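Below are two complexes that have chain A in common, paired first with chain B and then with chain C.
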Partner chain A sequence: MSVSRSSPSLFGSAARIFELSLGQMLWSRRSVFLGLLLGFPVLLAFALRTIDAMYRAGLWRQINGVRVGGAAIFGLMIWLLYIRFIVPVLGVFYGTSLIADEVDDKTITYLFTRPIPRSAVLLGKYLAYLVCTTLLVLPSVMLVFFLIVPIGGGSIGAAFPALLRDFGMLAIGLAAYGAVFALVGTRIKRPLIVGLVFSFGWEPAVLLFPGYLKRLTVAYYMQALVTHEMPQDSAVSVLMQVFREVPTVATSLAALAIISTGTVWLAGRAVEHKEYVLEQ
Partner chain B sequence: MLTRTRYFLVASLLVLGVGVGTGLVAYYVGFPAGAFTRGDAADELRFIPRDAAVVAYVDVQDVMASDLRQKLHKALPGDGNGQREFQERTGINIETDIDRIVACLNPNSSMSNLPGAGLVIARGRFDEVKIEALMREHGAHVEEYSGQRLIVADRADHADAGDHPPQTTTFALSFMEPGLTAVGSTNLVKNAIDLHRAGDNPQTGLVSVMRNEEMMQQVKALESGNAWAVGRFDALASRAHLPQGVAERLPPITWFAVSGHVNGGLRGVIRAEARDEESANNLRDVVRGFMALGKLQAGSNPQMQLIAQSLELGGTGKTVALSFVVPAEVFDAVATMMPKRQPEKPQPEKPQP
Partner chain C sequence: MTAIVSADHLSKWYGQVIGLNDVTLSVPAGITGLLGPNGAGKSTFMKLITGQLKPSKGAITVLGEPIWGNPALYFRIGFCPEQDAFYERMTGLEWVAALVRLNGLSDTDAAATARRALGMVELLDAADKKIGAYSKGMRQRVKMAQALAHEPELLILDEPLAGMDPIARRKTIRMIKEWGRAGKSIIVSSHILHEIESMTSNILLINQGRILAEGNVHQIRDLIDEHPHTVYIKADRTRALAREFLTHDDVLSLKFEDEAVVVQTGRPDAFYARLTDLAASGELGSIHEVTSPDDNLQAVFQYLVKT
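Up next, the complex of A and B:
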């Protein structure tokens, strides 16, 4: 009697890869870097809170002669630390390594020889990246929020709706950056360098100038989702304020959804068709 | 999945769950602070522009229903014709139809004089048709703005003493939602409509006073009361075109705040924030002097003595606060000094032809 065995579906296979990859991703050397990266804002918030407790007279809470409350400092940290730095960095380091790590470790063969669609490997790893980074970034933001917002008499309750919006925005940002760099990782030979140049070269440069090029960035659409005011911390920021045209929230959400799904799909196709030659 | 991975997931979700839970509790329970409570002024403050120099709030229902108001209504001369006429012309009974008012003053850079641009957000029950008809009778026209009807009237301002020519400003009214109306300078009313429609959006420059942290800290620091006002003293003084001698002698105050609770009597606090501690100490000395003078003047008048005794000077650092209580007895005494109000006579019936 013969038993017919149908191959598992794309999502079923992706779920198995997700389960396998999540543990690998969390307990890898890269996670030490991730922990340091996300621990820094928490330590900074803790330091600010301590200084606030020591100098309750409010001597230090002046930026350019203007008194700044906890909610404003939190907004500043969201902009400068999370949106401009942590989210793109996580996207670059994790997104580009989804397939590249398996190629470098020469373990990709083991995954590709399983009776599952090749694109399921990428999809499962992408989902593991998303869960891993989201569950590390959001608690970090949460701790920073509770440490920083009460400074200067700020109200947790008043600022709480903004925190929920920040959560959504950060999760969307991680999804979009991760998807873009997953595509880069599957298509390009040195994805990390390309990713860093894109995040910290191309995106900030293009956003400074008027024109349509900025629409070829993720940051352009992310800006519209941020509820905090953009800090004017440098001449570059002032220029960004001047030349900035902000798309509507609906446009941004639609664009980021298209970027995320489109690039994951393209990355999946690349994995399906690309022939990986493992160097001996 | 490894056990430690499972622990990590549980720990992370636990931190998020506890944080979100605490935030929700703070949002629903911990939000009220002093005079600034959600469901009261907070709702209307969302429509006040961020750069407002003065923001004021009155719980009209509370004030109208207070014993003090009832006493004054009975004691003060006048037969209430003005109030009745206002009701006939607008359909608004001030005593019952208006719940609360939030107002702001925005010294407009394009205008040479105070008061600049103003906006009043009123919540209550309004006869929209009657009010619109009344305004149109007086030359107003209706415009459409962001899907809202905007009733706009022109108002010619007088020329001031300087070289500035007379200006024509527009005054508008809009019913933003049932029971909520915005009335004031057209630009501010349009801004309120935008804020009502889209909410705060710092990216487009559309921001309410709720994001003005300095102003909101002043509001939160107020004593609870059914009427209050907070404003930037320096912003108002710099645009008031005061004579040089007067302007130089003004105390260096940056913020002022007044809050009061009207019930049987009147309890209130006047608070000022000076530029520095030295200025605050000087201001305290001046107020102390006036308090001493007031106590001397009170003499043997028991009501005045009660007021004088209630005066209390406080505040630390740059803040100077003066609290006072005007007890119900003072208003009773005032009422006895007033001529008695005549009871309304029934109108004689006109003879039938």
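Up next, the complex of A and C:
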């Protein structure tokens, strides 16, 4: 048996932590709870489909007075339910607990007394979070897609490329929010509260107003990636359009990449230098 | 003799609370016992020598190298922590193999290494059981298996006998002595002198964040015999055990607590020897857990500090 005794590499060690953590994360109580949360859009989609079957005239399918098809409703659900609610919730609950769970369970000692960089523990767990949450979100979005898009005669085949783009967007959102909250989890006391305030207080508030503050949100960059067209012919929506600044897709992708890698790096640095005193 | 651990004016404080105060020492190769009551600074010292904490002041080296921020040194160190914490859904084999993989072993090698380590702590029969179903003694041994699996030069064992039944305790003491004879250096902490004494005569006495004495165990050995020693025994037939205990002069008092009997003895050595025989024979039912609260050692330390 040969055991390398050279300096352990960050990525090799992170891969091993990833393998160790993924199963733990997938079968955790948190995943069961958030899996149930992800059932809510499916139930909603099922209800809408049932209503559509009952009222064939489609009068209920109106947004701002304009009758819309299934693809537009699906786009609305992706933005409002998934990007603005579920993805931040997943990011907050998993991201802030990447290291905290091991500290609370007092199992962190086993990982920190192995020949791997401490930041590899954070990185491996972050990667496990990405896969775990993607596996949770994927079936929910698929089911919603198949239930909603056919409403009003929409074509699943025609909408499928948009679904793939939505998956990509959700993955990017999970990466960015998870990274931000991983940093919050390693640096700040009561990270869950801070994370929830950031997602559901700060972000919606600053997005409403013109100015530079909105650049300090993840949602600002995420909205550029939304490809679904929404009906915009009411007075309110016209007013909203005046204030709405959306960065280009390239700018958004670059900003989200910098946010994700930068915050994960800072979180890794924090873990490297922080002392974790376990309660006896 | 080469020191395996050296501390130079080492201090550690948590805010206003001092955990370790200006400690200078050098621990030689072989088995060394770290003895002290709760709050003495044992855990802080253990955390400093395993690189979990950074010194507030002074320096510490392990196997000649600084340990804080030096992950490569963990190839040469195995640590068995005090806390009873695991990934409960894993089997013993999966858990040890998963941790050994972090030392750079392939899946196959990690599984083989984990099996060998579980064999060394006599846990191979339960290797495929979930850790959640392990007894206290088995949980202690699986922790030791993960510490020694990668064949480290230095084993650091934090209260490894805590909560074990007498037979598991005897086996574990025997194993630790065997590892010592096989050339490993071992630092083992406890708040029970008799446990430490059965493994080594080389001890570090720690109290209130300071090292009180380094070296031979005899002085404190004499002192502790003058103080009653409390033993908490969790067993199936506590009343039958109590009747048996009361036939011996060294048992000063006893009382019942839930499913346990708490005994005060004037001669702990003799008492533990009889208890181990009783557990081995099984004639008075199973003995599940034996612990000793800190009060004994605390009293001796108070006495020692005064004199």
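What we mean here is this: the second predicted complex is superposed on the first by the 253 of 280 C-alpha atoms of A that agree within 3 Å, B and C clash if a C-alpha of one lies under 4 Å from a C-alpha of the other, contacts with A are read in each partner's own complex, and residues count from 1 in each chain.
Following the convention adopted for this analysis, a contact is a pair of C-beta atoms (placed from the backbone, for glycine too) under 8 Å apart; a residue touches a chain by one contact, two chains touch by 3 or more.
Just so we're clear, the structure is a prediction, and the values are computed from it rather than from any experiment.
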When chain B and chain C are modelled together on chain A, clash or fit: fit
Partner chain in contact with A:L266 - chain B first, chain C second, else both or neither: neither
Angle at the Cα centre of chain A, taken between the Cα centres of chain B and chain C once the superposition is applied, in steps of 10 degrees: 160
Partner chain in contact with A:G157 - chain B first, chain C second, else both or neither: first
Contacts of A:P139 with chain B and chain C, given as first, second, both or neither: first
Which superposed partner A:I116 touches (first chain B, second chain C, both, neither): second
Chain B versus chain C as contact partner of A:L26, first or second or both or neither: first
First (chain B), second (chain C), both or neither touched by A:L208: neither
Which of chain B and chain C A:V42 touches, first, second, both or neither: neither
Smallest distance from any CA atom of chain C to any CA atom of chain B, in Å, after fitting: 8
Intersection of chain A interface sets (partners chain B, chain C): 19, 27
Complex contact set, residues of chain A against chain B: 19, 22-23, 26-27, 57, 67-69, 71-72, 135-136, 138-139, 142-143, 145-146, 152-158, 160-161, 163-164, 223-224, 226-230, 244, 246
Chain B to chain A touching residues, read off their complex: 1-2, 4-5, 8-9, 12-13, 15-16, 19-20, 22-24, 26-31, 33, 200, 202-204, 207, 210-211, 213-214, 217, 220-221, 317
Residues of chain A touching chain C in the complex: 1-8, 12-13, 16-17, 19-20, 24, 27, 105-107, 109-118, 272, 275-278, 280
Residues of chain C defined as touching chain A within the complex: 14, 43, 47, 50-54, 69, 71-75, 77, 79, 81-83, 85-87, 89, 98-99, 101-105, 109, 112-113, 146, 150
